[in-house]
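Some structures are shown below for you to check.
Okay, so subunit A shows up in both of these, paired with subunit B first and subunit C after.
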Partner chain A sequence: MREPASEPSVLREPASEPSVLREPASEPSAPTLPEPLTTMASPFRMDYTYVAGTGRSVFLRGLAEGRMLARRCPACAQVYLPPPEFCSRCLSRLDEPFELDGRGVISTFCVVSFPFPGQVHEPPYVVAHIQVEGSGTRLMHLVREVDPADVRIGMEVEPVWAGEDERENSLTSIRHYRPAGDEYA
Partner chain B sequence: MRDVAVVSFAQSPCEAANRRDDMAGILLPVIREALGAVGVDRDDVDFFASGSHDFFEGRTFAYIESLDAVGAWPPVSESHVEMDAAWAFAEAWSWLQLGEGDIALVYGIGRGSLAADLDQVLPAQLDPYFLAPLRPHRDALAGLQAAAMIDAGLTSERDLAEIVVRSLSAATGNPYAQKSGHLGVDQVLDAPYVSTPLREHDVAPVGDAAAVVVLAAGDAARRLGDRQAWVRGLDHRMDTHYPGVRNLTRSESTRVAAARAAELAGFGASEVDIAELHTEYSHAEPLLASALGLERTVVNPSGGPLAGRPVTATGLVRIGEAARRILDGRAGRALAHATNGPALQHNLVCLMSGEAAA
Partner chain C sequence: MTEGASLSAPYTLEFPFERTVGPKIGTFFAGLKERRLFGARAERGVVCPPLEFDPDTGAETGELVELAPAGTVATWTWARSRAGDPVARDFAWALVAIDGTAGSFFHAVDVGGDPSRMQVGMRVRVRWRGDRVGDLRDIECFEVAP
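Entry: the complex of A and B
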């Protein structure tokens, strides 16, 4: 989980001795400060089991089958996608899952144009909240197959699924979203 | 001081490894049970406080998942401590003392099973310069403490085995215990050493569980039930972090916390009927009993942590188990102790009574 940083900058010594700690020049026998330690290796490796829980498992297993499964709260009628096990408003256990086709509209988005270590996608790329038709919550995903400059809030989009043999219990089973509707047909 | 009482307690069974439920899934039925027992609706709760630790979860801010069991919509007044939930209890008690509200819900979630190997994780909780690089086994510091106690004539391996036998036997009456049974002292002494002089059963078995305590002040507490476990005194104190500086055979932090709690309560640890002690190892019991001045008190009637240690929920379970015996009329006064850190570094003492302060 926590890889040792190759260069722990916080432990580096200052480039020059801090002047405030210098003894007055008139005293020849000024004591010198001990040389501070700059690095010591103590690498940790930690392995964990994550427990997805029943609610997330329903949704993640659906993705492996190419299905987007939503669930409705029996008490307040909120529809969740992705669904937890319990409604976060009224804590009721959500009803049986049902399938949505995943099409929806962009409710908000941003264009990531900044390169960073470990980046998976080549910038610039669009990260969006998608209001999937039939869901009361917003799903986060990438929007591709469109020039970022042409993306608009309210744009109709549809999911692009990974090939059947590539699908896993993960949101990466949906490769990305792309514009749908007549103007891009 | 304001009169503040524990009015309800619930817990989930301590499981060696719960692979079915996420954090919210473990917690939600326990919160429902604790609130349902006193007819309190979630909207009536003025403050939520919780305790858990990212070291055990393997990710940062892991506790936020637990808010799905509280319902953070509409937004709630909430606080979390990155330690045993007994300290969340201390925060909620202080919050009620300040008059900020009347009802607080405290929950602890502990999942000791998620780390593939706790020996990978626990050194990270030690001093990173002098202790962590040595990678002592997770039970090594406890072994140092137990060996020093035996050498000082404060206990013996046979005494420790008797504590184990009594605890696991008491746990046969506790449906939430992870481990229980009627063992013989010789059987316990035949078990292999884990970290001398500590053997297999001297070490609390780590598991997964949640605990929930409902606190209420004054008239709100009286309205919610016939009996209340009034928190008459509470204090916690910490020893220095480098164990080599301490005399490991004594717990000065426990002694001072108990003295301060007694000052608040108007009665001391020696005057309680039962005590639930956060003993992660058998040798902690004589050490704590000595620091608290316990004499004829019944210790760990639930079986205590030697019957199940759901890491960061363990201390809150002690408070709940002690309070429960007052709520059901089996005890008039009770003490709960909780600890954090290696070799009993940080200790909390809570004194409760069926009677509010005069």
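Entry: the complex of A and C
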């Protein structure tokens, strides 16, 4: 896994050996030095267990049933989607879950154009923060079925659900979001 | 409440980073590939593994010096072997003072899984990996010198 054949030219050796490595002429036992390498592999890998917590698990189980479950804080009225168990503003326990249809507007987005190892989607693709109607928080998801150049902040979007037999306790139960405005109907 | 037990799932986070190295450490790695061990001259003596800059003065370290791949255990701690560790059975992580150097080299010592064979001051030598690529794992571990 070291020294890939297609190493970029900027990482190549300098044309001449750096002068700091030259032996003084008077040194009789100077060793013949190997050509220095310019890079070292330094991979990072971490295996871990993600624990959703009882609050977040309500939301994930809802996704497996094709439902987007939000919860409201009884003290400060903040609505969370996805909801945790307790309000992050006032620490009150959130009320019973209720369903939202998932439609919302893009509050910000990013066009991912850069390939990286382990990438699941073919770039370019759009990742957006979606302000779901009825929720005080934002949800991050893919925006597809639109040219990345046409995506705008404030654009109305709706969720595209995976087929019933493909749904699981995961945000992948929503395949992506797509424009929902009249111009796309 | 409507809450059941918490869901959980195994995750892996992985980044295939590659770091650039300076001329001293780059030569040190190239040396390992050839089964050769180099240190760099510094104010306190020869340091191995070499550094690009003198830890005492901050100046560039001096010339590279070839060293015998053997030394003395300065201190050690016993470790249970896990996947990805340099030795497949339980082993010691140790600071090995390479002969002729100041300071020490952090690496594994294989004593056949028996911690009672580990002693401060014991003589060890490099066990070279067969398939070397030019990084620290070219030294498989240190082993007891006969």
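We adopt the following convention: the second predicted complex is superposed on the first by the 140 of 185 C-alpha atoms of A that agree within 3 Å, B and C clash if a C-alpha of one lies under 4 Å from a C-alpha of the other, contacts with A are read in each partner's own complex, and residues count from 1 in each chain.
Definition applied: a residue touches a chain if its C-beta (ideal position, glycine included) is under 8 Å from a C-beta of that chain, and two chains touch if they have at least 3 such contacts.
Given the structure is predicted, the values throughout are model-derived calculations rather than measurements.
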| item | value |
| --- | --- |
| Subunit B versus subunit C as contact partner of A:S88, first or second or both or neither | first |
| Which superposed partner A:Y48 touches (first subunit B, second subunit C, both, neither) | both |
| First, second, both or neither for A:E96, with subunit B first and subunit C second | second |
| Which of subunit B and subunit C A:S113 touches, first, second, both or neither | neither |
| Winner by number of subunit A residues touched, once subunit B and subunit C are compared | C |
| Subunit A positions touched by subunit B in one structure and by subunit C in the second | 1-2, 40, 42, 44-56, 85 |
| Subunit A contact footprint on subunit B (complex, rising order) | 18-25, 28, 32, 42, 57-59, 68-69, 71-73, 111, 113-117, 120-121, 123-124, 128-129, 132-133 |
| Touching residues (chain side subunit A, partner subunit B) in the complex | 1-2, 40, 42, 44-56, 84-86, 88-91 |
| Residues of subunit C that touch subunit A when the two form their complex | 1-21, 23-27, 29-31, 33-34, 36, 38, 60, 63-66, 133-136 |
| Interfacial residue positions of subunit A with respect to subunit C in the complex | 1-3, 11, 18, 20-21, 23-24, 27, 30-31, 33-58, 60-61, 85, 96-97, 117-118, 169 |
